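I have placed the structure first, in the form of structure tokens, so that the comments after it can refer back to it.
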Amino acid sequence: MGAPNELNLAALAKYSNDFLREVEANVEEGEWVKMCMQCGVCAGSCPFGPDWEHSPQKIFMMIRAGKRQEVLTSDSMWMCTSCYNCVVRCPRKLPITQIMHGLATYAHRLGLAPKMQPTYQWSLQFWDNCTRTGRVNELKLTLGLYFKEGFVAGVKKAWALRGIGFGLLRAKRLNPFELIRGHECKDKAGIHRMLKKAQEIEARRLKIPQFKTEG
Amino acid sequence: MPELVATEQTILVVGGGISGMTAALEAAECGKQVILVESSATLGGRTALLYRYFPKLCHPTCGLEINLRRIKASRNIRVYTLAEVTRIDGRSGDYTVSLKLTPRYVNASCTACGDCAKAVAATIPNPWNYGLDRITAAYLPHAMAYPQRFVIDPSIIGTPEADKAKAACRYGAVDLEMKEETLTLKAAAVIWATGWKPYDAAKIQPYGYGRFKNVITSVEFERLADPHGPTGGRIVRPSDGKEAKDVAFIQCAGSRDENHLRHCSRICCMASLKQTRFMREAFGEAAQSTIYYIDIRAIDRFEDFYKQVQADPHVRFIKSKVARIEEDRASADPVLHGVDTEGYLRYANRHDLAVLAIGMEPSVRGSAIPATLGEDSSGFLVPALDGAAIFGAGCATNALDVNRAVQSSTAAALRAIQVVNRSARAET
Amino acid sequence: MADLKTAAYVCGGCGIAERLDTGQLALIAEREGKMNLVRRHPFLCSAEGVAQIQGDIDAEGVTHVAIAACSRRAKTEAFQFPAVAVSRANLREGVIWVRPANDEAREATQEMAGDYVRMACAELKNMKLPSGHAETGRNRRVLVVGGGVSGMTAALEAARAGYAALIVEKGAALGGWASKLHRRTPFREPFHDPVDTGVAGLIEAIEAEPRIKVHLNTTLTQTGGAPGRFSVRLTNASGVSWVEDAGAIVQATGFTPYDASRLTEFSYGSSPNIVDQAGLEELARAAGGRALRRPSDGGSVKKVVFVQCAGQRDDSGRHLPFCSGHCCGTSIKQAMYFKDADPAVNTVVIYTDLRTPGSGEDFYRSAQAKGVTFTKGTVTGVEANDRQCRVSFRDLILAEDAVIADADIVVLATGQVPNSGVDIEQPERQDANGVQPISILNLSYRQGKDLPQLRHGFSDSHFICFPYETRRTGIYTAGPVRRPMDIAQATEDATGAALKAIQAIENAQLGRAAHPRSGDLSYPIVRLEGCTQCKRCTVECPFGAIDEDERTYPVFNESRCRRCGTCMGACPVRVISFENYSVDTVGAQIKAVEIPDESEAKPRILVLACENDAYPALDMAAMQRRDYSAFVRVIPVRCLGSVNAIWVTDALNGGWDGIMLMGCKHGDDYQCHFVKGSELASVRMSKIDDTLKQLALESERVATYEVAITDLARVPQLIDDYIKVIERIGLSPMKGFA
Amino acid sequence: MAKKEYAFYPGCSSQLRGSASNYLTSVNSMCEALDIKMTQIPDWNCCGASIGYAGSGELSRHVLNARNFALAETHLPGQDVVATCAACWLGARETKEKLDASSQLMAETNEALKEAGLRYQAKVGVRHMVEVLIEDIGYEGMAQPIVKPLEGVRIAGYVGCQTNRPFGIAGESFENPMYLDKLVETLGAEPLVKYEQKVTCCGGALAFSEPEKSQKQIKDIVESAYDHKADLIVTPCPLCQANVEIYQSEINKRHGTKLDMPVAYYSQLMAVAYGATPKAAGLDGHVIQPKKLQDIAVKVVPKK
């Protein structure tokens, strides 16, 4: 078998704390990752568990094993419904939901998040939508979602879901006027300044390039 | 046992389980005067409620019989049951202890003939079977009970039931006028061997103990397997009395968990491994056990036993902390949900019965130990640093198996003897 | 016995009077039992009943009391008359509680009770109140073999209780294994960091303790005697040899680390960068709190890999099959050496089951908080070049083969091999390190130089409830020689062993038996003039209590004896007996029973039941009112090993129809409190067939059973089934010949 | 008794003309009957919700919530911030706890708030409407105004996730919370205490991005209610309400089921029991009509 000098760099990074430290420094609640004892209760508690590739506990192990690329490009974090089952059951009290969100945010900031992951897109749109006026514009948000894959696809989807749409209209729970003039905060400008500042501060603290808000 | 006048030479042992009995006997057999205090109606403690010990699968009552015979034969031990320490004052070599004696309503004349039990109709949940069955309110705790003397349950005092018991006793042993007494005695040293209690399984919400009939604890399972137990040794489901041939054993039920007990309770892995043998004993080839675990802690020579069980094709090991249990509405089967973390395999396993390998909670908190005696964050007794002669023994000091508990109590006995001998030398 | 005065008391309480004709029983005691004094009482265990007995003892000079009431296990406080010999006829648990209360049962039940009264009287007349042995050893010093943490603790704790102690250490200094450590794992909260080993403190305390004497560079070259009077020849490095006396011995000879060079799969020895846990402690001590350097070139360390269970929990048969218990905690501690000195160092612990029981879980958490990485995996290989090591393993969580190729140091967590001396069963056997052990105690005992060993060479007690009960009375083991353990447990263990040593000293001085017949003053008395030097007693004694003199006569060492009576059972010429338990006390009972002739078609079955398990099981069956045949007569025996073949032949000759022997489980997981007793008995009984042939009797007439104390449902069943067997083969043809 | 006053944080969905506007309507009627004064935090803003994480990052989320706190402190001093939406409550409470715990976060947050001319002084308490009802009013208090007990209505209490975990209602269990059942009982209806899907996740915000997966969850939630012969499902969360109600038609298309289970807010039950008209109870805001409630709501009872 080969002596170390013949080994590739990827192998060298294996099972060092480099990536773990990176996560601790840059990911919300990242300092908890090292405390996982691999019991798997989070994996078994997740409602979308069957649908994702890596369970939280496995993600944590991958972080310790130095699998930076696999972790940050994984779609698993984006499957979190924020149900907090894992959090209340974790015997080590890890704030798993927050860590999953944090990893997702970090992946996005590094531009590694899986572009076509629907929840990824949805999450960005939501943030964009709610921060534009300070309040969510539900109609624009919904339509925005329908039309994100282009106009035709959007029309198709809207048509497919027309039952729901009309139902909500009838129930006065979808308001056409929102397209023209939706809810908004008076001090929009203040909110924008405040959020811009927040992102500067965070970028400063995390020593990473401030990321662009899309749209 | 002769009447003893406690003196500055006396060693007080609190707790009549295997640890307390051991500490008392080892000290007494060194020639020391010992007072052994037990809060329940009989000596024996938790181990008297076990069917078999790991790894030998021998019977706890066998060792209990020997220890009881040693106590009967000893001229140095005085036993108080239904007695609780309410206060300890003084210092090493010179303690004054207050004992609260709860009435048994049966005096020393009792011959354990059982006529009172025949006369009484009222029943209570059987504390010696963790309430899995009921016993008449006039009862002998269990076949090995010592003192071998009946108890009239306080719940029937002042009712006609109690009078029936009194009327039935031909030896004037039933004394309904008994009152709570307080006793003050002197002791040179105190050994605190108050043991442990099973962690409250209902607090482990995802497992539905208390909500789902067929989710029980490992200590309850022990009673099911025991011929002295509520089912006469038949392993059956609480919901429908059907034989439980496919049983799930869930490790770390309350242990190694910041939401419950922070410590590892040490015995649970071994207890479950042992209980898989009960399954084979009861159902032979039809038995199926599954152990859900994080780490199997078959420490030191127990590894041999672990290997034996691993070799049994009727026992399955899944490395997983079970996420939740759901009850099948029709069959009342517990269905376990979780993930086998060795390679990430999701499961939803149906069993006849789920047994929670329940954690060990020290029964120290709330008891009358002087402040100088610390408890650690898990509630275990820690040695006093101020030279107090109050020594922890057994599971009051750490999560221990029987063997280690006995080592610990034997050591505690010597520490107490050191104090007695010191004050004796000081006097002479 | 000049002033022997016997009295029998028949109790009518607990329904005895309703179910039995106590008048007739009293008559039996008087006419057949030949009791000087016979009384009936409606409630004998009452204060006033007891007072009557005591009165007779005081006023009438009664020396022997037969109590016909409940089981000998019941009402022990009431019926405690230390000044006289007492026998008990079990009319309650033994008769009325196991018999249906109806008329057709009445006659047989009454006969049963009658016989038990006859037996109690017969036994009584052959009993003496044990007086205790005259010359007892009075040496009060504890000799401790081994100067490690266990040994030093045992000596110190004994000294603190006021007893002198003598430490014999073969090495040049005290401290043992622990003195080679940099730090140890914490005993008490907070369980966060490695702490001082405490060895220096122990040594200081020992030097400051006037009651403790220490001999370094010294070994035991001969150990003889018994509790209270051990005589030990010591020899030091320069060959000087002398004798020291001791009252009891604690063997705390510790362990030797498993030889890592046997772990070829992990290339131990191929590079200084692959070390075992001992090796890492050396490095840590050398570094003295500063960052550890890479052994090969003193380079700085970036990554350390800990391989758990190295050569442990092994199925291949090449290494240790067991788990050494402390190693997970030790690796955690050692990983902290690195992390505490430099958090940037990567430390990876590869384990299959992380075993940190109790508060060890906190220590585990603390290591994780410090950034120690734990990986569930199995290591398949370790290789090294001049600078770095390469660890190949299966990551069990990520389910893939993985490699750590840049480890600066690899630590192999190897196990503990006990220093338990020579295996007396197979003296040629090498230990797990392939070393031929030399004796530690050099006992001059008939049965071998060292303590008997259990699985894997540990000299542990077999008993779960009685961890200190070795098979050599007065010699107790402590620490890792007993079972694998860490310092915390060894300290506790040594303190307990010190107590047992002190207890042995106190018992020996008073001539009292040690566990399990604690306090028993009886001891084996041998009529040497009748002895044929057959050596059976010396060979069979489970406790090696009997030596042989030059003419191969048995030499009894009372304070080594546990009073099981195995020697008595072994003796073909019946010259061994105890004052209150002998061939006669049982033999007389067998003869006292009334054997009906064939015409009555009432078989008589003798049950010899171990008093520790089978007899309590019968009692508890009775407490649950489980009926069994009225044809059995039960005699409790100290141990089935004490059953002498003559009892069997006498019974058969006397017309008994069958004999059931109920003893404890034997074999690997034996439950016999005297270790070998029940096994020996079953061996002897397998040979009884010849006797049966001589008497032209069916082999079924003698049956041996393993009975556990919980067999309360099974025992009555066994009895009733056996009755069927006897009914099948018919009554004994021997009736009437007696 | 003195009027109880709170700083009301309705949140985006429950505001006027929002997808849960009928929740707001019913809450108003309920509070009126219970003599609770809810004053909206002037110019309140979105909490960022649990789904906003990709774009937001931690600090922005805290800043959004802190802005609402600061506004409440200024304009409604001494009043607890009370949210009716589970996500708003969760987000707000998480921010409060994080800021209380970390002086650094607190400093950074205020540094950002300064841009909007605000300052958060860590004085506000953050609570969910359900907490107010249970802790400040109590079940007996809630029983007081009942004029139309909801007799004979079988109701499955669907608690969902975010009012239950990670914070939950004091004294309730994460796995089997009982407060909705107790409330239902208080109102004279029949609680289905053995309803298994109490705390099953409806998919939350992922109902939009992962419809198939979410609808699988919703299907379980509704079918179990049918198994227990429920007339309707009650919930404290607007997102749960929306998901579980409006996707039933989709599920029927997808799985050929015939789900038609009304899903109401606890506040609607209370409003109806307190004698509100169907409109005042927000019963007109449903895609699946809660007939049993409507029948009771239109019943005329003699004025007390």
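A, B, C and D are the chain letters, set down in written order, and residue numbers restart from 1 in every chain.
Basically, a contact is a pair of C-beta atoms (placed from the backbone, for glycine too) under 8 Å apart; a residue touches a chain by one contact, two chains touch by 3 or more.
A quick note: this is a predicted structure, and the numbers were derived from the prediction, not measured.
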Exercise for review: If you tally contacting C-beta pairs, which comes out ahead, B-D or B-C? Let me know.
Suggested key: B-C
Exercise for review: Farthest from chain A by Cα centre, which chain is it? Let me know.
Suggested key: C
Exercise for review: Specify the chain with the shortest distance from its C-alpha centroid to the centroid of every protein C-alpha atom present.
Suggested key: B
Review point. So, what's the distance in Å between the C-alpha centres of chain C and chain B?
Key: 23
Check your understanding: Roughly how many whole angstrom separate the Cα centroids of chain C and chain D?
Key -> 66
Exercise for review: Can you check how far apart chain A and chain B are, centre to centre, with Cα atoms defining each centre and the answer in Å?
Suggested key: 50
Study note, to complete from the structure: Multi-chain contacts in chain B, i.e. residues touching at least two other chains, fall at 206, 256, 319, 324, 341, 344
Check your understanding: For chain C, which residues are shared contacts with two or more other chains?
Key -> 376, 397
Review point. Which chain A residues touch at least two other chains?
Key: 37-38, 57-58, 85, 88, 92
Practice item. Indicate which of the five shapes (line, ring, star, complete, other) describes how the chains touch one another. Key: other
Check your understanding: Every pair of chains that touch: which are they?
Key -> A-B, A-C, A-D, B-C, B-D
Study note, to complete from the structure: chain B residues touching chain C in their complex are 1, 18, 25-26, 29-31, 51, 53, 56-67, 69-70, 72-75, 108-109, 111-113, 140, 143-144, 148, 170-171, 226-228, 232-233, 256, 262-266, 295-304, 307, 319, 341-344, 376-378, 380, 382-383, 398-400, 402-404, 406-408, 410-411, 413-415, 417-418, 421-422, 425
Check your understanding: Which residues of chain B touch chain D in their complex?
Key -> 205-206, 208, 211, 324, 326, 329
Study note, to complete from the structure: Listed in rising order, chain A residues that touch chain C in their complex are 1, 3-5, 7, 11-12, 14-17, 20, 34-35, 37-38, 57-58, 61-62, 64-65, 92
Point to revise | Of all residues in chain C, those that touch chain A in their complex | key: 302-303, 346, 348, 364-365, 368-369, 371, 373-376, 381, 383, 385, 387-388, 390, 392, 395, 397-398, 402-406
Point to revise | In the complex, chain A residues that touch chain B | key: 37-45, 49-50, 54-55, 57-58, 85, 88-89, 91-93
